[in-house]
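Before we start, here is the structure in question, set down as structure tokens.
Every chain is named by a letter (A, B, C and D) in the order it is written, and numbering of its residues begins at 1.
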Amino acid sequence: MALPSLVPLNAETSTSSVAVRVRFDETDAMGIVHHGRYLGFLEIARVEWLRKRGIRYADWAAMGRHLAVVEASCKYVQSARFDDLLEIEVTLSELRAASLRFVYVIRREGFVLTEGMTRHACIDDDGKLCRLDEAMFDVLKRGEV
Amino acid sequence: MALPSLVPLNAETSTSSVAVRVRFDETDAMGIVHHGRYLGFLEIARVEWLRKRGIRYADWAAMGRHLAVVEASCKYVQSARFDDLLEIEVTLSELRAASLRFVYVIRREGFVLTEGMTRHACIDDDGKLCRLDEAMFDVLKRGEV
Amino acid sequence: MALPSLVPLNAETSTSSVAVRVRFDETDAMGIVHHGRYLGFLEIARVEWLRKRGIRYADWAAMGRHLAVVEASCKYVQSARFDDLLEIEVTLSELRAASLRFVYVIRREGFVLTEGMTRHACIDDDGKLCRLDEAMFDVLKRGEV
Amino acid sequence: MALPSLVPLNAETSTSSVAVRVRFDETDAMGIVHHGRYLGFLEIARVEWLRKRGIRYADWAAMGRHLAVVEASCKYVQSARFDDLLEIEVTLSELRAASLRFVYVIRREGFVLTEGMTRHACIDDDGKLCRLDEAMFDVLKRGEV
């Protein structure tokens, strides 16, 4: 059975929220979180998004399935500072046969600090593009467990 | 005198090239440079782009003029690895009254690894948006010195 | 009243334990957590040690009191890996008029991975050495609240 | 032939000097280089120390020989800041059958900022301790080429 190129997603189950406390070594000499640090925050949020669906990303990697980042972007609206408690909202926004896309909103006490996007290709241990298998689709389409 | 909103740039002088050697602590467990690390590479390249035009970015910062990153993006085409010698081509692609935009191409031995973009707003020490002054425009419009 | 050069500490209250999950961007191309990353772990643990005693380190910094690191060391016994849940045991081991010392043991499922030590001097916003005041001593000598 | 446990080193050839420019994302909210960052500086200096003796560390790693860090320490005397040009003096101070030790002095314009030490064990791809072979000894005992 051929998988459709674009898999329908349920808006009610495709979003999770993850809290991250800003560490001192994530700040820079402007006194704020360095802009390059945010891609790391998005990664933490993706890993926890998966954990909330019953999967350790490390297990997929051990099975030779990696969600390589092929594109990433951030819009910086307001700065974060040391010890801030950030709330990262992660949404799987697109799911295809061999790729997917997450969008993110980072907030502090309800106010938007940053918006982000990452696009991922599924690759094997040799870096070759490969289709997501049924078990991966099941995880990606389910809500929090 | 009001500055025009979009300052014309000379394609022949707006590009510089900067070499960066990949450090071991910039790799991750996939054996490649972590995708989040590239925003740091772009920053190094911007700082050297300015130095080639006679300016230390630290001096602008000390004078209370910061080019805060308000947007950043990367497309990852091929991976970089430990000890690779990267060539980063930086081009000032847009210059406005209070903002500017750089585009980047990262290559290894001529092959494109990554394409990047950063958009910056000029802010003062209090984080308030402010116009680039004439001296800053002179630097940004000149070629390498 | 002159403070004694070496303040007695209560072994029962001077230790706290902090859990940290290893992030993907803390690993390196050897597949393990980069050795340089551990000083960041120790810092996280110190900040939480203080929070458990009712203090945000950021508040001390805002008041112009910084515990600058003047010496740090680590012994690496076993490697940590992506997604490991680390348990960091932090003990205030020495407290003097203007300096203090923490020791750390990082474990995973009870097994020691790393031992660490940091020595700190109390400095003001100008980087000048200054005595810890009574309020700081109270915090440092109390147990978890 | 059994290798002696402690190999004599020539003080005139065991030291090299490496220059490193401080990057903006290596600073923290105190306006100085974060203390945890220095272990990365020491690593850069070791890699260049080897390169000056004709060896890419990456090649040893590819051959399954890794100089794993088993101990590291730093004394912080003065702070470094963004864009500082640091001079790192690296000395191989001890060489044994399966381990070695480097000491470091980081200076800015002749003044000492930091002193460092790292101790390394030679391990294979499985993390098992192994002897340095003759070719490695030759490299480690020679001066700059």
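By definition in this document, a contact is a pair of C-beta atoms (placed from the backbone, for glycine too) under 8 Å apart; a residue touches a chain by one contact, two chains touch by 3 or more.
Not measured: the values here are computed from a predicted model.
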| item | value |
| --- | --- |
| Far-end chain from subunit C, centres as C-alpha averages | B |
| Whole-Å gap between the CA centroids of subunit B and subunit C | 36 |
| Geometric centre distance via CA averages, subunit B-subunit A, whole Å | 26 |
| Interchain centroid distance [CA atoms averaged], subunit B/subunit D, Å | 30 |
| Residues of subunit C engaged with two or more neighbouring chains | 24-25, 29, 36-37, 40, 43, 61, 81-82 |
| Graph class of chain-chain contacts, one of line, ring, star, complete, other | complete |
| In the complex with subunit D, residue positions of subunit C that touch it | 29-30, 35-37, 39-40, 43, 61, 66, 68-76, 79, 127 |
| For the subunit D and subunit A complex, residues of the former touching the latter | 24-25, 27-29, 31-32, 34, 36-37, 81-82 |
| Touching residues (chain side subunit B, partner subunit D) in the complex | 23-25, 40, 43-44, 47, 56-58, 61, 81-83 |
